[in-house]
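Read from first to last, the chains carry the letters A, B, C and D; within each, the first residue is number 1.
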Amino acid sequence: MFKKILIANRGEIAVRIIRACQELGVATVAIFSDPDRASLHVRHADEAFCVGPGPVGRSYLNIPNIISTALISGADAIHPGYGFLAENARFAEIAQDHGLTFIGPSPAVIASMGDKATAKRIMKAAGVPITPGSDIVASVDEGQKIAEKMGFPVLIKATAGGGGKGMREVHDGRDFATAFATAQAEAEASFKDGRLYIEKLIIAPRHIEVQVIGDNFGSIVHLGERDCSIQKPSHQKLIEEAPAPALDAGVIKKLHATAVAAGRAVKYTNAGTLEFLVSGTDVYFMEMNTRIQVEHPVTEMVYGVDIVQEQIRVAAGEALGLRQKELHPVGHAIEVRINAEDPDAGFAPAAGTLNAVEFPGGPGVRVDTHVVAGAVIPPYYDSMIAKIVVHGRTRAGAIARMDRALGETRIEGVKTTIGFCRDVLRSEEFRRGGVRVEWLKADYMPRRADALGVGAA
Amino acid sequence: MTDDTIVARVRALAEAFTVSELARLTVKNSDLELELRRSRPYVGASSGAPPPDVAVVLESTNPPGGAGVPKRKPDIVTSDLVGVLRFSRPQVNEGHRLEDDRELAFVEALGIRNPVRSRGPGRVAAVFVSDGQPVEYGQPLFAIER
Amino acid sequence: MFKKILIANRGEIAVRIIRACQELGVATVAIFSDPDRASLHVRHADEAFCVGPGPVGRSYLNIPNIISTALISGADAIHPGYGFLAENARFAEIAQDHGLTFIGPSPAVIASMGDKATAKRIMKAAGVPITPGSDIVASVDEGQKIAEKMGFPVLIKATAGGGGKGMREVHDGRDFATAFATAQAEAEASFKDGRLYIEKLIIAPRHIEVQVIGDNFGSIVHLGERDCSIQKPSHQKLIEEAPAPALDAGVIKKLHATAVAAGRAVKYTNAGTLEFLVSGTDVYFMEMNTRIQVEHPVTEMVYGVDIVQEQIRVAAGEALGLRQKELHPVGHAIEVRINAEDPDAGFAPAAGTLNAVEFPGGPGVRVDTHVVAGAVIPPYYDSMIAKIVVHGRTRAGAIARMDRALGETRIEGVKTTIGFCRDVLRSEEFRRGGVRVEWLKADYMPRRADALGVGAA
Amino acid sequence: MTDDTIVARVRALAEAFTVSELARLTVKNSDLELELRRSRPYVGASSGAPPPDVAVVLESTNPPGGAGVPKRKPDIVTSDLVGVLRFSRPQVNEGHRLEDDRELAFVEALGIRNPVRSRGPGRVAAVFVSDGQPVEYGQPLFAIER
């Protein structure tokens, strides 16, 4: 086991990692930027070094200062958390070059999964289902043939596309030629580049992801799936749960098997997540995240596994202590992200001082945060200030518990997502379970804006 | 104002300045006059270039004291890097007079010696660090009276 | 289900019960005494009524005011929590007479289990093993015979006894006559009453208790055992855990079966606990607590069951939703009681103001409390200010987690049990598991007092 | 002092007094003079007897005002019980003069009418409650000027 780990991150995830280290008996080194001096991660760590001013480029992305901190403090490993340098293969390499263990997969795997095209190619070769897509289509006739073979509906997309320009959904073969011509004309006009390709249209997909963890000896297990379909219009996740509700048992089995097969194919080590779009019984690989994720606690709660501790253990060269046969989810877990932002004003971030901070407690409630009353939310970083996670025997019990927990939560001084998320949890669609990714933006938010009499985001 | 307060205010202002597009920033109020200048143009944090140097001039604007002339607050030379501090030879001590800009020390980080300069002549009013000490970003190293 | 429940209690258990009600969608009425006006249970409840001044006789034991509060607020049930009126059969009866459901067993069961002699007689008749004991022994010869039959070691006790006077341990039959004579003389001298009886001496017992819960239709299940052997010299519990460590599987099975059989024998309804002394593979019934217990969260964490919600459900006439076959403990849970008292001064209670209050968070940590920063600990009530409960996959993991959690806990303004309990958790004996009840008082505390250079408690 | 402050101080003192062995307690300071007397001996809370009555006399000791005589603070009559308040007939209102000790209202609790008395003559300075209202322990019901 490591003697001392440097945590190359801030916020709740830095606190989370320090907790895992403490429980493993490993000393911790925190890094912080000037405005984070009073943050909980600085207080909880054994040592803490200021690595730069507020802007991330000069502090949390300041590779020389971070590596230097690791070296002068005598750390033997670096945990990158999520965001910042977590999926920076170069950083992982530099760390290794300086004799520091990077707690994550190999730089090569980080790099290949970081490039979406490479990742899809590798996954396709490993037999993982990906969204079917063509190369550039030379003519409308060729396009028609490809689309017929792919099966409708399809999406005609401009290679130079963006913002929906030069994009057309086609649900019936008879409409293909017209749609192709319109898309081409629009692409020409918008980008001066009329080249098109065709992709299978995934109808009303849900965002389902599977947690995997592997060791250096070829063992790899999955820790089930998470449903992360409640996303802001910017596609940032807002509410996550495990297991995925209202999902066919066969699909769940397929997701788990696919995730483990994909992990094996890339000889994956450490914790990672395979993100899928799920539509009906169809499953499509989107991307693989080669790091711990914000929403990992819902998995921890249903599997009773400390994923961050496992990350550290396998990085230290221990064999995975988890056996797939012994891993069964118990009950249901939900996470709500408390962000300092105004959901009814397009989730505009709200910097400021937290005049009052009170978090919930009692049975089945977990709070991960780095703030206390009086904390200042600096403008430089993401707006998440806490994660409230609950566990219940049933999904309905977990929803009731989250409603109760959010009712106990009090944040004063900045607008937050608390009330918005509480309302979402109370909606009939969420309670039924299994909403598609677009639901929040396309259905829920306009309805809410109408009810509140405010402009839609 | 205590030195700590000065350092904290300088840091906050220097930070705001650094990320701004400004070439020069002057702040005056009842007890502090502060001027920030870039020693070279700001090239952006993500370019991999070292952070811009910031020259700090601190001057008290308190009413003249017994001597009839304002007493200048010393410049605080801080570390831009995390590393191990080594004094340059010959080692400067408190009271040492600097004829010109000179290298006072270097911060050793990742095997590279990063010089810490006096940024002009003056008198070494204080040495806040010892040889071989780990230093963090923004840590005060020397105070120089101009 | 009930519409509105009055919580006839204060402190963390009142908050705990309000949380269960909220999650069940039941409205809540809090009662409070004048000095508890700012307590969290008052803030979290839907309604709150002051029922009297600080002294418990005039507030939390003020039956007329409590019943009147229930009636004028329109409550249809009363949850008594623990302590105060929780095991007061008369109160349960009065509540029922006023059309209020008392959330607990029937007044008759409360009364019979509340009388220790009656409880032992009933349990003995039901085949539950109790500490063997004789009636008054007429002569030394009769005593010798009884002792030989019981098997040594035995305890000779004065019927008028107390404080160890007139009490003698006898480990060998040859020493009986002398010990009997000495005890008799001592009892005569101390109490002017030389009558003696003989009890089997339980060697180095552990305090193990079993949680049961029954419904109104004859279903009863157990939720496993808790080890509560870490007790203050006053025999108040300080650290509890589930499951019991270092305990023979056969003994555990016997405890579970005995508890369910005992529950069935008294037609037990609602939640209750059977307390046993365990010595080697021998098990002796001590008493049954006919209420929720302080340490119920360790059971909740390993079984994933909300015991307070279950109490409310069965009291509302629902059939028990728990099947014994589906109830399996997962991992290990530990509870530490944070009391405002000085462990190194005989656990002297410390009233005062909590200048700073910070509780731990993160994975596997549960906090039950009624205090926030600035709270005043009134002198009228027990000194417990919070319970920190942790869950881990293994006992070692749970101990490491508790150590971490206690390290994050900060209470300023009064002395607390935090540091003391942290030291106990770090001791070799606790880590090994299975210490006897007397260990803390007889071994640990003197050793600690020596090390600290302070007088033993 | 506001009325709320007076009520809070009276409550705190009355509570300390109630659990004490004292028969009479007098408190004087710059802005408050307060005397607590038992109307019957304290018999203990656990005996099932009703809580002892406490008579409260409040008197301002502020320097005499414009009128040349100290203005007396009114007595606050509070509820000892949780129940529903009912006015006694004839109903008293603000300004009503009481010739003698009389029953102003009763608190109905568990089917029993518990009288609330004026504890002597005076003028009803304020009525804090309405008929049929649930009241809690210590809730101010009437203010009586003596």
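Just so we're on the same page, a contact is a pair of C-beta atoms (placed from the backbone, for glycine too) under 8 Å apart; a residue touches a chain by one contact, two chains touch by 3 or more.
Computed from a predicted model, the values in this text were never measured in an experiment.
One inter-chain figure worth recording: chain A and chain B are separated by 41 Å, centre to centre, where each centre is the mean of the chain's CA atoms.
Averaging C-alpha coordinates per chain places the centre of chain A 63 Å away from that of chain D. Centroids of chain B and chain D (each the mean of its C-alpha atoms) stand 69 Å apart. Shared contact sites, meaning residues of chain A that touch two or more other chains, are absent.
Contacts between chains trace an open chain of neighbours here, each touching only the next in line. Listed by label, the pairs of touching chains are A-B, A-C, C-D.
Within the complex formed with chain C, the chain A residues making contact are 15-16, 19-20, 22-25, 44, 297, 300, 304-306, 308, 330-331, 358-359, 361-369, 372, 391-393, 397, 400-401, 403-404, 407-408.
The touching residues of chain D, when paired with chain C in their complex, are 11-12, 14-15, 18-19, 44-46, 51, 81-84, 109-110, 134, 136-139.
Those residues of chain C whose C-beta lies close enough to touch chain D in the complex are 34, 49-59, 61, 64-69, 71-73, 98.
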